[in-house]
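One chain, chain A, appears in both complexes that follow, with chain B as partner in the first and chain C in the second.
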Partner chain A sequence: MPEPDRSRWHPIAASHDLPFRHVYHAQLLGREFAVWRADDGYVNVWENRCLHRGVRLSIGMNDGRELKCQYHGWRYANRTAGCTYIPAHPADAPARTITNRTFPAVERYGLVWSAEEPVGEVPALAGVTEGRQLVLRGIPVNAAAEDVAERLRSYRFQPNGALDGKDAEVALEAASDTSVALRSREAGADTLAVFFVQPVDAGRSVIRGVLDDDAEGPQRIAVMRHHNRLLSKLRDEAEREAAGKPAPASIEPVYERVSAELAEMPEVTPHGRKAALRVEVARKFAAADGIAGFELRPIKGLLPTFQPGAHIDVHMPNGEIRQYSITNGPGESASYVIGVKLEPDSKGGSKCMHETVREGDVLAISEPRNNFPLRRDALKTLFIAGGIGITPLLAMAQALQNQRLAFELHYFAQNESQMAFRDRLAALGSSLRPHLGLDPAATGAELRRLLHGYEAGRQVYLCGPGPMLEAARSIAAELGWPDSSVHFEYFKNTNTIDDSSSFEVALARSVMTLQVPAGRTILEVIRENGIEMPSSCEQGACGTCLCTVIEGEPDHQDVYLNDAERRAGTKILTCVSRSKSPRLVLDL
Partner chain B sequence: MITLYDYELSGNCYKLRLLMSMLGVKYKAVPVDFYPGREHKSEWFLAINPLGQLPVIEDDGLILRDAQAILVYLAARYDPSKKWYPVDDPKMLGEIGQWLAFADGITSTSSAARLHDGLFYDFDVDAARAGAHRLFRILDEHLWFGEQEGREWICSAPHPTVADIACFPYIMLSEEGGIPRQDYSAIRRWCDRVKRIDGFVVMSGVFPASPARAA
Partner chain C sequence: MAAPCSDRILLDDWHIVADRAVLTEGRPFASRLLGVDLEVTRHGDDADVVCITGGAPVRSQQLYGYIWACLGTPARDIVHLPEAFEDDRHTVTGGSIAVKVSGLRAVENFLDMGHFPFVHTGWLGDEPHTEVQPYNVEITEADEILATDCKFFQPVASPTAKGGMMVDYIYKVIRPYTVALYKSNPLQPGRLDSITLFVQPVDEENCIAHPFLCYIKEGIDEPTIRWFMQLIFAQDKPILENQVPKRLPLDPRAETPIRADAVSVTYRRWLRERAVTYGAIPAAA
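Moving on to the complex of A and B:
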């Protein structure tokens, strides 16, 4: 058999094969696909194997937003096919390279079309009107596509208006090696039928027929039964013939390595912070009093996979860089939605977003990073948000709700008009618990009530203003919550950074020893010496520049690490923290 | 209480666990070591079922064998809604009877192929697989036109019946006998619907479906 043409579009399913919450098992030229429609209507065509153990994803679960593998529960996002959660590693964010291969999908004429490397558009069908066609039942045939297509040239059927007749004249209007267009006429009735033969594998195919007619009710069923009967007969004949020939060898699909764009690191910018993506502000809206919502759509292609808790760097027109959490629920992968609170003492970040950035503007953003990963193995999860701290926790709450896991979202705000993203909040139902207009003392009392009665298997996630987080963390500790169950994210580091020390940093993997003088950060010094290090907020809040300490005593000045991690002294935020010992050995 | 003589990996025993779970009927399972112990051919079990086959139930002094017969009995006795086996609807009983016989056909083909591949039974596996494909083609066509006509289940009732339960297990387990269901898209969608019936339980090799989309 000659090498198959992988650039041609073929139908791989009918639209009616893809009801919500189903995974269809398709195959084209030997390659299997898991095909599923997300609740937002997007049709995903993916390589039919989990990246973990190779189990077919077509037996997985489509929860409307993500596809979950049946074997070990790895979850993959709508559109991007990026892994969002690995149950065996509940505290970790999956690497972005864990992204399944996707294939294009176009719905046209009631069929779903795909190809491995398509060239051009899905072919237009002369004589068939999009939206008023009748799609026949697909007929799988254990015979080669070209043999089936050959047989279809002499297929005889009655026009829809004369199903009971016997003498229709059928004319061949067009044909290729995988398609046939036939017109049947009798006594004034006239029906055009176009048949595509989907090459499933070397010796297997599916006949997919489309009629230019939108018959309704019993007539529609009668037409479909008419063709089903005739095509089944054609199938039986084709299979009898094929059974007499030696079975062709299956087509072996080539499984590609991870794509170059996933495997490559984004370009380096002079300040070391990367903004690999260009997005358009598709919508700017009032998310609440003083909070602007931005919906950011990709200029081309798809946005990278995000996980709940992830943030992006937004590079603003005025040169400032700020971090914003992605508020999207799982599978909402067409755009990122962020919320920006106008800070009264804004140094140009939130002010620029509120006053300068408009719909239609293009912004540079970083890939999403997740330094605030959500465990999904808790018996119950508490989210405690203060003000704009709602944004990462909203994404998390939506993820747990989608998986029907137990949680409560406690939202502290001044009043109802300051509660952001009310449509998303409303969808959380009774799991949302607003706490409005409380002063610090009343907030403390409420936090004490909420955190009372710690039990194993509970997790709490905190995000909000510094004083509130300090209060919540100390109350949690007092009420017996272990550090490992208390997760928090600060907006900013309000500690006064003492950079007066000078010390030596040894980079164990790079075999380099560097001097960090007073007034310079570890991050600056190692970058200057050519060592790649990601960073984001550069003030010790986000956790991006986290590094492992092999030897020495770190001088922690960040707000990212918890008390246990600080005491252990095995991690350091290189953007602000320093060394108490004269020498620090880092795993770099 | 009902006693079920049960083997975990048996699709025919699973039918009964499935229906009893959906009906909310409590039962006590007595495990029978079908493989490798061949306990279903032991003297004590042959005294209960001389055919030496699983499953068997004991209920209220009645000893009953044959999965399809037991489904009929359980539904007729324990389903007050009379939906699973509509005893007052002769046409429906006829339809159900027809598909229960079809389920026996699935057992003698799809289940046979699985016993050959999984438990080393000396069957003609090619014939078993070809037979299963023949039946699956017929059922797929029936279910496909059912969807087009607004019918979701095997019989024409607007709700599932014991016919769906009788056919389901050895269709779901067919891959274990080397019988792929890729070509049976309507069967695959119907399997999702069965898995979404309240009270659905799994067995080894049968996975759950995701929840249906909220209306």
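Moving on to the complex of A and C:
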């Protein structure tokens, strides 16, 4: 049997096969697809196989934004098919590269078209006007596509306007080995029917018919019945013939192997402070008083999968680099939405974003990185946001809302007009609890009230100005919250960095010993020596350059680690922290 | 799929071919083992097994209420389960459940805790209690895989459990197609109920799971044990039958393991090292 042609577009489903939140099981040339439409209208055509244990995703759940595997609840994002959550490890952000295989999808003439390696465009149908066609029910046939197409050349039917007649003249207008166009005429009525035969497997196919003219109500049903009856008869004949031939061997799909690093255990892939992506500012809007919202769309292709809590580095026209959290809800993968507050003492970052960057501008951004992962195994989650600290927590709250998990979002702001992303907030309903115009003392009292009564199974996420986070963390500790249940992200590190020490750093895996002199950071020194190390904020706030300490006593100067992690001394942020011992051994 | 089994480790081992309870006196029962069609016939307390093609007798014996057969020359005895001989336990066969997937996939599913909240919702797990805590995996001197210190939150861990609790599990892979779990008995702290899953490799892409349960009698009767086992297995069956491909891939890069899968990572490696290929897709050399 010749190698099937994988470069041709074929219909694999009808648009009406994708009702609200359904997942449709399709197949083409032996390969199965999970086909699903997200609530934003995007049609996803994916390998029908969860990357974890091979379970069909067509039995998974389409929640409108993500597809959830039935076996272990792994969630995959609309468009990118990137894994956004692994429930067995709620504290970890999945490696962004866990991405299912996707295939192109084009919706045309009421059909969904795909191919493994398509060349060119979906065929244009002469005589059929997009939106005016009538798509017939797909007819599966246990016979080879070429044989079915051959048989369709002599298919005889009545035009829509003369269904009761018997003498229609049917002319063959065009044909290929997988398609046939026929025109039926009788008494002034005239209908063009185009049939595509989808090769499901070597010995199986689906007839997908499109008529050039739609009909209404009972007439439409009559037309559908007419073709259903005739095509069923054609199917019976084709299957009888096929049953007399030796059954062809099934086409065995070849599954791509997962990457070598994923085959071990998912780890973050190292990369430096790079801006790999180019995005266009599709929309710049006032998210609140003093806060500009930016919707960033990819110049080409898709944006990488993000997880709630993730941030991107934005490289600005003036050369500055700043970190902004992605505020999107799950499955909103067509663009990233960020919020930028104009800082009065801006050193050029937020000022540039507010004053210089306009709609249509192109910005360089990093891939999203998640150092503030959201657990989704809490019985109740508290989000406490101060001011612009709302941005990562908003993404998290939308994720929990989508999964119907219990949460409260407490938003501390000066006044209502300073509350950002009102449309997104409104969708959270009564889970949103604004706290407006409180002074520091009143804020402290409110935090004390919110954090009162810690119970096992609760998690709190904090993001806001430094003094507020300090207050919230110390109140939480006082009220019995364990460090492991208190998660926080600072905007910036306001500690005065003492870089006067000098010490030796040994890199265990690279077998290298380096001297870190006063005035230089560990990060700078190891990079100079050719070791790849990711970083983002480079001021000890975001957690990207985190590294494991094997031996020695770190001199923590960051605001990323919690107290328990600091005491343990097994992690270090290499961009600001140093060593108290003369020698530090790192797992690099 | 028609390829005959050439793995000595499987041919020279004992496998279940029938639950004695389903046999009718004198009436042949059709079974299949490692791609070989067999007939099992009961005569009073005895039962014989013959190969359908050629009618040659196949070596057989009875234990735990099952008829066992060995297609080659037995290299070892049927797995010995000490708890099956303790007087204060029910020993119950949980039914013979045919599953259209490789038996190795069924073993791996039995070793997996991460699916409890999603497949056994409301029974062995419930969202949002989804975390799989780190546990230990070792290969014992008896060449079994032992996973200890496994803990999982379960709303209804057993037919007698009252309310949710953290349940302790021990898993043991005894032979390529035999796996057992031990979990804390809710009424007698310190004692363990056991479920041994004997998987009959019908062929490379079909199996019959024979769960054998040794439960402490206190507070529970046999029908309840059987009901619970069948409820749970009926939830696993549609998932197993939707695994693609049906055979278990042994290439480490065929699927994506996570830390929670430490025991299945070990199982796949253990199968590779013991040259088990029947029901598997061997790793490229």
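As a convention for this text, the second predicted complex is superposed on the first by the 572 of 588 C-alpha atoms of A that agree within 3 Å, B and C clash if a C-alpha of one lies under 4 Å from a C-alpha of the other, contacts with A are read in each partner's own complex, and residues count from 1 in each chain.
Assume contacts are C-beta pairs under 8 Å (C-beta built on N, C-alpha and C of every residue); 3 or more make two chains touch, one makes a residue touch a chain.
Note that the structure is a prediction, hence the values are computed from the model and not measured.
Of the two partner chains, chain B is the only one touched by A:39; chain C is not. After overlaying the two complexes on the shared chain, residue contacts for A:376 are found with chain C alone; chain B is out of touch. When the two structures are aligned on the shared chain, A:258 is found in touch with chain C, with no touch to chain B. When the shared chain is aligned, chain C comes close enough to touch A:49, but chain B does not. When the shared chain is aligned, chain B and chain C each come close enough to touch A:59.
By the touch criterion stated above, A:86 is placed in contact with chain C alone, chain B being left untouched. By the touch criterion defined above, A:70 lies against chain B and chain C together after alignment on the C-alpha atoms of chain A.
Touch criterion not met for A:156: it reaches neither chain B nor chain C.
Residues 59, 70 of chain A lie in contact with chain B in one complex and with chain C in the other.
Considering their complex, residues 108, 114-115, 117-119, 127-132, 238-239, 242-245, 249, 251-260 of chain C touch chain A.
Listed in rising order, the residues of chain B touching chain A in the complex are 141, 144-145, 147-149, 181-183, 185, 188-189, 192, 207-213. Contact residues of chain A toward chain B in the complex are 13, 16-17, 19-22, 24-25, 27, 39, 58-59, 61-64, 68, 70, 137-138, 140, 206, 220-221, 224-225, 228, 232, 404.
The touching residues of chain A, when paired with chain C in their complex, are 32, 48-49, 51-56, 59, 69-73, 86-91, 98, 255, 257-260, 262-266, 376-379, 405.
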